[in-house]
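One chain, chain A, appears in both complexes that follow, with chain B as partner in the first and chain C in the second.
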Partner chain A sequence: MSAIETVRDRYRTFDDQRYAPLVKGVALFGLLAALPTIIEIDVAGMELAALLSLKVLILTVIYAYTAQAWNIMSGYTGQFSFGHAAFFGIGAYATQALVVDAAVNPWIGMLVGGVLAGGYGLIIGALSFRFKLQGHYFALATLAFAELLRFVVTNMSELRGANGYFKAFPRDYGAEYGLVAFQFQNDLPYYYLIVGFLLVVTLVSWLIKNSWVGLYFFAIREDERAAASVGVPSFRYKLIGVAVSAFFTALGGAYWSMYFNTIRPDTVFALFKNVELLLPAVVGGPGTLLGPIVGSFIVTPVSEIARTTFSDINGLDRIIYGAFLVAIVIYSPRGVVSWPSQARALWERVRGDEEVNE
Partner chain B sequence: MSADETNAQSVDDADADIDRDGEQILSVEGVGKRFSGLQALDDVDMTVNRGEIIGLIGPNGAGKTTLFNCISGAFPPTSGTVRLDGEVISGLPAHKIARAGLARTFQITRPLEELTVVENAMVGAHIHTRRRGEAREIAMETLEFVGLADKAEEEAGELTVGAQKRLELARAVSTRPEILLLDEIMAGLTPSESNQMLDLFRQLRERGTSLLIIEHDMKAIMNISDYVKVLDQGKGIAFGAPETVVEDDRVIEAYIGGFDVDA
Partner chain C sequence: MGHLVTSVAPLPLQGGGLGRFIDPFVQFLTDITNLEPVLLQLLAFGLLLGGVYALTALGLTMIFGVMDVINFAHGVFLVVGMYSVWLVSEMAGISPFLGIPIAAAVLFVLGVVVHVLTVEPIIEAPQQNQLIATLGVLFIIQSAIEIVFTPDPQQVELSLGSIQVGGVFIPLGQFYALVIALGTMLAVRAFLNRTDLGRKIRGTADNRDGARYVGINVRRINYLTFGIGAALAGVAGGSIALFQRFDPFTGETYLINAFVIVILGGLGSFPGAFVGGLIVGMIQVFGGYYLPGTTAQVLIFLLFIGTLLVKPEGLFGGAEA
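Up next, the complex of A and B:
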C-alpha cells in the first residue's frame, strides 16, 4: 500500500509543477512517435503489427485528431454536434477539387477548406443559436446541415456528383512526392504527419483550456444563463467554438482525402462519419485534453480489427461502435479518462471505511 | 446627479417625500412585463442610490423575480425603461448589463457544477481582465470575503446548500458590480449562516456596492434594509423606511391576502 501511496504523492507533487503539462505532452507524443517501431517488436514470436498495423495506427490518430477538433466545440462549449461530417467533407472536397481541377497545392486547398468549413460552421451556429436551439434539437440541426451537403454534393456535377474525386499525382500540381506535395510513397511519413496534426490541435486545445476563452466555454456548457449573468457573451463564444472546431475538422478531412486517394459524398459526408468523428471524444472523456486521444485508441483499433477479422459479417464494426456509445453514455458519461480519479475516490472511500472499522 | 434631482425623478407615490442620500445608481421607470395574457409587472417605478440596501418584498407571485429578470436582462420588459448610472440598459442582453456593472444571483442557485469553486468566481472576474492570473487573484479575494477560500479547488456541484449560496454571491461579487441583485440568497440557510450573510451585505455596502434584495425572512430584511419596496400583483404598492412600510394598510392587506380589513 505504502509504495502505491508514495508513487501517488510523488505524482501529485509533480502535477503541481509548472512544467508538468510540457512533460506529459512530450511523453505522450514521444510514445505516439515511437508506436510504429513498438508494434514491430517481436514478442514471443508474435508481432503486435499483426493486430495493429500502421494503417490502423494512422486511422486511429486521424480519429484522435478529429475528435480533438470536435471536442473544442462540443466538449468545451457543450453544443453537441452530430454533424461534423459537414466540416470534414468540406475540407476533403475543397482540397481535392482544387488539386484535381485547378492544380493547386493541397496545403492551400486544405486551408481554403478550413476557412470554408469555419464559415459554414458560423452559418449553422448563427442560425441555431439565434433561434435558441439546444440539446437534441441543436444536434439534429447540425445533422441536417451535414446531410444537406451530402445531397447537394451528390447532385452537383461540378463536384463530380456521386463519383467523387480521385487524387492527382504530385506532378499534376508541379511538385514531387514529399511534404510539399502532401504525398508520400509509403505510410510512415503519413503517420508522422497526422501525429503532427494531432500535436497542433492538442496544443490549440490546451491554449484554449488555459485561457479565459476556455473558462467562458465551460461556463456556457455548465449554465448559459448563469454565465451571461456575469458577463459571458455566450452567442459570440459559442460561434468561436464552432468556427475553430470546424476549421480543424476540415483539415482532418483534407488529410483523409490525401491519404485515402479517393473521396465520394457517401464516404466523407456519410451519415456514419458523424458518429466516427465524435465517438472517440465521448468514449474517452468529452471536455478533456486526453479523452479524444485515449478514446480513439480504444474505439478505432477494436472496430478496425472487428471489421477485418469478421469481414463477412457486414456492419459489425458499427455494432461495436454502437455498443461502446451506449455503454459509455449510460455507465460513464465522463469517459474513460475519468476512471482513475473515480477509482481513487472509491479506494479512498473503502479505506476510510476500514479506518472507521478499526 | 444631485439628491434633489433624484427625488424629482422618484415617481412612486410613497417615495416622493423621502430624502435620500447618494447618487442614483439604478432607476426603474414604468416597467411592465406581459406574459401572453398575464400582466406580471405593471408600471413599476423604483430607484436605488449608491451604497443603499433596498429590500424588495411582496407576497408570492407579486413579480419580484420577474422584476429582477427585467432589470438584469434575462428578458426585456414589455414597457418602461431601466437605467444604470443614467444609461438605458433595458433591452440589452444580460452579459452587457453585467459588464455595465449590475450583477445578480439566482433564487435557485446555478453553480457551474463541473468547474471548481475558484473557477466559478473566475468567470465573473474575467469581466475585468483576460489574464488568468489576475482573474484568479480577484476570485480568491472574493472567496475569502464570502468564506469559501478553503474550498477553492472543490467541484462546485459538490458544495452544500449554504456553500452554494455563498458561491452564488462570490461569482456575482467577482464582477465587482456597482449594484448587486440578490434573489432569496438567504433561503435555506441556518440562522448563523443567515447572520453571516447579513454581515457580508453590510461589508459590501461599506465598499460602495448598492444592494437590491428579495427575501422572505421579514426580520432579516427589516433589519438590513435602508428602504423597502413592496410589490403586489405586479404593482408597486409602497416604498419607505422599513418601520413605516410595515404599518402601511395596503401592505398589511396584501400580506393578509384578500382579507377585507374593513369588514
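Up next, the complex of A and C:
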C-alpha cells in the first residue's frame, strides 16, 4: 500500500468520527486566526504581507461572512437572491443613523439593523413566495427591492440623502476605543472581530445544515413540490431562510460601517454590492459550508491585489471578477470545493481503466 | 431626457413632513386643471424618452422571450453601440447616422461570440447560472471599455439643434432617435412576422421542444436571436449617442430600466416594450419635474415590483416574440 493510500485511509477513518467536524472547524479557524502572523513570515526575503495586507484579509473575511449568510437562503433553500445589498445596507444605515444621530452604541444599532433587515426579508419573501415568483422573476424581484431602497435612501434627507454618514468618534457616543465601542485604533482587532463574526455565522449554518430545518431547506431546493407533498411547510421554511440570512447579512453591513469611515447609498446599496456579497459562495460552492470561505479567499485577494498592483489600470479587478463568474458557472457550477471529489473520481476512473487494460 | 428636465426645474432635496409626498401631486393636478403649457412640453419629452427606452428594451425582451435568458450584458451592449458610433464619427469622420448600422453589425458579431462562449454551454443549466455568466460578461466588457477609452464621458460632436412645434421645444437629436426607434421596431416586427427565419424564431419562443420536433435548428436560432438582440442594443446605444454624453457605466441605468420595461410590457412582447418604454419615460420626465431628487425612480421600482407580483406576464401577455 502506498503512502498516499495509507494517508487517505487514515483520513477516511478520521472523517467518520463524530468529533471530525469539530476538529476541522478548530483547524480552519485556527488557521484564520494565525493568518495575520503567517503573512509576516519572511520567506526567502519576501513577506507575503507585501501582497496580502491585513486590510485585504479583513475584506476577504467580510465577504466570506456575507457569502456564508447569503448561502443560508440561496444556497440551502435554492431561492436565488440577487438583492442582498438591501439587507447589507439596512445593517450599515441602522447602525450609523443610531450612532451618529442618537449616540446609541453601535452594537445595539447592529441588532436593530439585523431585526429591520429580517423584517424587510420577510416582506420580500412573503410577497414573492405568496405570488409564486421563481427563477428569473424571483432574482429580478430581489434586485428590485434592493434598488428600491437605494433610491429611497438617496432621496431621504433624514438619512442624509446621497451624502451618507461619516462614522462618529467613540467619545461621541460615550465610549472609548475598544470592543464596546466597536472601534479600534489599528486593524488587528478588527480582523479578529470579523473572524469571530464568521465563526458565529458558520456555526449557525452548520447547525441549520445538520438539523431538520436544513433537511427541509434542501428538500425545498431539490424539488419544492415533492417536498410540499410529503408535508414540508415550504412557504414557512423559505421565510425562515430569508429572515436568518437577512439578519446576518445586516450584521455584516453594520461591521462594514464601523470599519470604513463613510457609507453612502452608492456604496452599501450599490448594484455591484449585490454581486460582491454572493460571488464567494458561487465560486466556492453554493450550498456548502466551506464554499463561501474558500471562495472569498480566492476571489477577494486576487481582485484586491489586481486593484492595488495595477492601480493605473482602473477596472482590471472587475475583469478578473467577470472572468471568475463566467468560468465558474460554465466549468464548475458546483464550485471550487467540489474539485477534490471530482479529481478523486477522475483519478479512480483513470486507474480503473488501467486495471482493465492490464 | 430625465436630467434635461430636472435641469429645467432643479428641485433641491426637501425637508421632512408628509407634504413632500402630497404637494407634488397637488401641483400636478393644479397644472392639469389650469392646462399649463408645460404639460405639453413634458408630454413631448416623455414621448421622446419613452421611445428610446422602448428601443433599449427590444433586444432584451427578444432574448428573454425566445431563449428564456436574462441578459445582464445588455446594458453594456448599449454602451458598445455608443462607443462604436462615436469612434466611427470621430476617427473615420463618417456621419454618426451611418455609424448606427455599423454599430448594429459590430454588436451582432459580439452578440454571437458572447453567446457561443458563455451562454450556449449552459443554456440548459439552472436560470441563475446564465444570469451570473452574462453578469461576468458585463464586467469584462465594461472594464475593457474603461481601460481602452478611460472612464471620462464622451460625446458625439453633433449639433442638430431643435425645433419649435406649437410652442413645444423638441431637440432634434432625440427626435431622430425616436424615429429610429419606431422604424426599428416596425422593421423587427415585419421580420418576425413575414420572413421564414422570423417565424422560426417565434416558433422557438413558443415551444422549444416543439420547434425541435418540426426540424428547426434551435441552436442556430439561439445564436441568431442573441446576435439580433445584441444588434438591437447597438441601434439603441447608437441612437442614444446622438443626443447624450456617455461613459462606460451609462449602461447600468438603461439596463435596470430595460428590465422594468420588459417585465411591464410582458416577456417577449414588442408592443409591450413600446408601451412599457412610454410608461417609464413618462414617469421619469413627469417625476423629474414634479418630484424632488430621483424620487421618480422609486415610483418606477414600486411599479416594477407590483407588476412582478401581480401580473408577471406583463401587460401584453407574452404571446408574441
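Just so we're on the same page, the second predicted complex is superposed on the first by the 357 of 358 C-alpha atoms of A that agree within 3 Å, B and C clash if a C-alpha of one lies under 4 Å from a C-alpha of the other, contacts with A are read in each partner's own complex, and residues count from 1 in each chain.
To be clear about the criterion, contacts are C-beta pairs under 8 Å (C-beta built on N, C-alpha and C of every residue); 3 or more make two chains touch, one makes a residue touch a chain.
Because the structure is a prediction, the values reported are computed rather than measured.
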Fit or clash - chain C, chain B, common chain A: fit
Partner chain(s) touched by A:W347 [first = chain B, second = chain C, both, neither]: neither
Touching partner for A:Y216 - first (chain B), second (chain C), both, neither: first
First, second, both or neither for A:S229, with chain B first and chain C second: first
Geometry of the superposed three-chain model: angle at chain A (Cα centres of chain B and chain C, steps of 10 degrees): 80
Which superposed partner A:F151 touches (first chain B, second chain C, both, neither): second
Touched partner set for A:F80, first chain B, second chain C, both or neither: second
Broader residue contact with chain A after superposition on the shared chain, chain B or chain C: C
Partner chain in contact with A:G322 - chain B first, chain C second, else both or neither: second
Chain B versus chain C as contact partner of A:A141, first or second or both or neither: second
Touching partner for A:W339 - first (chain B), second (chain C), both, neither: neither
Superposed arrangement (fit on chain A Cα atoms) - minimum chain B/chain C Cα distance in Å: 14
Those residues of chain A which chain B touches in one complex and chain C touches in the other: none
Footprint of chain C on chain A - complex, ascending: 80, 82, 127-128, 131, 133, 135-137, 139-141, 143-145, 147-148, 151-152, 154-155, 157-158, 161, 271, 275, 282, 313-316, 318-319, 321-330, 333
Complex contacts: residues of chain C adjacent to chain A: 13-16, 64, 68, 70, 117-118, 121-122, 125-133, 135-140, 142-144, 146-147, 151, 248, 252, 256, 259-260, 263, 292-295, 297-298, 301-302, 304-305, 308-310, 312
Chain B partner contacts - residues on chain A that touch it in the complex: 210-212, 215-216, 218-219, 221-223, 225-234, 287
Touch list for chain B against partner chain A, complex: 72-74, 93-96, 98-99, 103-104, 106, 110-115, 119, 122-124, 126-127, 130-132, 135, 171-172, 174-175
